[in-house]
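One chain, chain A, links the two complexes that follow: it is found with chain B in the first and with chain C in the second.
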Partner chain A sequence: MIKTFCKTQVEVKVSEDGYLEDMSQWNEEIAHEIAGELGIELTDKHFEVINYLREKTEAKEALTIRKVGKSGIVSIKELYQLFPKGPLKFSSKIAGIPKPTSCI
Partner chain B sequence: METQEANTKKVVVEKKPLEKVCIICAKGSLEDVYATLVMANGAVMEGIETNVFFTFFGLDGITKKQMNRLHTATTGNPAMRMPGGIPFPTMLGGLPGVETAVSGMMRKQMEELDMPPVDEFLEMITAGGGTIYACKLAIDMFKLEKKDLSDEVEDIITIGQFYELCDGDRTQIIFT
Partner chain C sequence: MKNLLILGAGTSGTMMANHLISKLPKKEWSITVIDQFKTHYYQPGFLFLPFDIYTTKQVKKKGEKFIPKGANYIQKKIELIQPDENKVILEGGRVLDYDILIVATGTKIAPGEIEGMDGPMWYKNIFDFYTYEGAKALRNKLREWEGGKLVVHITEMPIKCPVAPLEFAFLADSYFKNKGMRDKVDITYVTPLGGAFTKPKATEALHHLLEEKGIKEVTDFNIERVDYENNKIIDYAETEVEYDLLVTVPTNMGDELMERSGMGDDLNYIPTDKATLQTKDHENIFAIGDATNLPASKAGSVAHFEAEILTENILRYIKGEPLKAEFDGHANCFIETGNGKALLIDFNYTHEPVEGTFPLPGIGPLKLLKESRTNHMGKMAFRWIYWNMLIKGRHIPFVSTNMTEKGKHFETVEK
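Presenting the complex of A and B:
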């Protein structure tokens, strides 16, 4: 599926549920636009989490909210506050990485 | 006409995502408690309102003294196998210390998959807004008090109160 982001007018490949298929196509503008669709306004703290998720994904490490909670960036509670109702799902979507496959 | 009907039906289909889960944990083995915790945490992560009710032997999962040393049964468990898939003889499982060792091994394997110990798992669930309850009847039966339970336990409630928490037409009760 191809999705065109209005503000940037960039065409990116996304999965059926809206996750970027190629994380290298991601940029901050796209992040803001996806976040807007999810009703989230991105702050620096959000980007710290997003960059952490992208780094770990590039290093092919499996992600869990527990790992993010131990990263020193945010606690699990703060992660839920930043990405309500989807701490790993929404953050991954905004970070332009694949849908999380972890159960924890 | 038929096609039209088919089209109309397609339009009518509306997704009704789950809004609330109420999970009951009545057994205290490692796998039973973790089944509850994984399902509860998974629901919280999906943005589903989550209530967890621990009762009978399941109370071990929220009792400070017991929660991080739960065991898996090495006897009477036909799915229990040794590393390499060799069947685990029931008589071996009955020897002193075997259950403790096997349970320790299971916990280690779970830790490798980033599954937290029970106390931390409970914290993760409440951090996301899930609520944990203990059953009053079982608490009385095992002569426990609120102070014996994990700090993450919201309250000791009756089954009637639990059912009151299960309102809503997109709610499911899960018994693990």
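Presenting the complex of A and C:
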């Protein structure tokens, strides 16, 4: 699926549920736009989390709520406050990384 | 003489000892298995113990009985692994040198990770069923429980046997129906996942079953604490679920030995190559079963398939040959659905469970992702297979190490 972001007028590839398929197509403008759609206004703290998620994804490390809670950036409680209703799903979507999967 | 050490005499460790004993030349290799506990538990049986379907005797045997003659067995706690010096230190200070190390220390529950979980109400109205003690205490509680709100809960992923909590909910439904008190029991299934299971096709089938049995679902629930004074579990988003009886699967973690030895991730699982089973940091250390960080189920069937590939890779490693990168994440699980029926699922890293027949393509007799009595018989027969074939390292007829795609109804090729 191709999605066009209106403010930036960039076309990016997204999955069915709206996650960027190529994380290199991401930029801060896009982050703001996705966040807006989710009703979240991004602050510096949000970006600290987003950058952490992107770094770990680039290093091919699996992300969990527990891991973010131990990152030293935010506690799990704060992560919920920053991204209500979707601490890991919404933050991942805004960070332009794939949808988090729980291993089985 | 060279030394191969196996840490842990659970399902994986015992299987590896049995596989390797006949493959490694006795004059060159000494095999030693170390485990601190005397008893080997049939862990799938913990699901049936609370409902008086299995007796305590059916789920435990003396572990040493299954270690092959010719291998050394040391019943001692392991204090430390020193991977850079190829040494393992036991409690009391005894030092063992190794040429090859296999880590099979498994996973266990860590209820202390959640505030209020293992507090004053632990084993009073809050139980786990992932330990022998928990399953037995819960059995005694269920025998006298008069009904109310039963909450079946998963704390966080990954957990051992991810389908077990669902099976528990299904069996609870049958158990209370048989006791003539289903109308007095309200069952709720609470999970941190977005649905009953992580694989979409199976989630659909399982969701339908939950609905049919009148079991409520609460999804995306990430528990923060247990309010044991007011009988509520509370998640980070302040959602509350009330219970009279809480059956939880606490956080699962690898052995603290990994933390002490600086070899584990944030859940004490050892980073391992998902295809070869060699650990990422040390080429003469291999890991198997629940102790690894593999993105596969933590389950005996997975350990069984891993053991066949790991045995071959240990032999290749000794000969200096390249390792076989063949483990595909194959898992095969019976899902007990209550009322004498079960589902069967077969999947791997890339293929989710689908409908079809197993183990013979087009014939069965077992049906994938469909409830049947034959599947239930298969699950019941498995206890015998476990004690007599699986941990002894015998090949199970018709069941291949890598998942077969034949006889299955794949819609399209996945990922």
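Everything below uses one rule, namely that the second predicted complex is superposed on the first by the 102 of 104 C-alpha atoms of A that agree within 3 Å, B and C clash if a C-alpha of one lies under 4 Å from a C-alpha of the other, contacts with A are read in each partner's own complex, and residues count from 1 in each chain.
Operating definition for what follows: contacts are C-beta pairs under 8 Å (C-beta built on N, C-alpha and C of every residue); 3 or more make two chains touch, one makes a residue touch a chain.
The model shown is predicted, which means the values in this text are computed figures rather than measured ones.
Applying the stated contact rule after C-alpha superposition, one finds that A:76 touches each of chain B and chain C.
Contact with chain C, but none with chain B, is seen for A:101 once the two complexes are overlaid on the shared chain.
In the superposed model, A:65 lies in contact with both chain B and chain C. In the superposition on chain A, contact of A:18 is made with neither chain B nor chain C.
On chain A, the surface touched by chain B in one complex and the surface touched by chain C in the other have residues 62, 64-67, 76-77, 80, 84-85, 87, 102-104 in common.
On the chain A side of its complex with chain C, the touching residues are 62, 64-67, 70, 76-77, 79-80, 84-85, 87, 101-104.
Across the complex, chain A is touched by residues 38, 41-42, 45-47, 113-116, 120, 123-124, 127-129 of chain B. Listing the residues of chain C that touch chain A in their complex gives 156-158, 162, 192-193, 197-199, 222, 224, 236-237, 266-267, 294-297, 331.
Within the complex, the chain A residues that touch chain B are 62, 64-67, 69, 75-77, 80, 84-89, 102-104.
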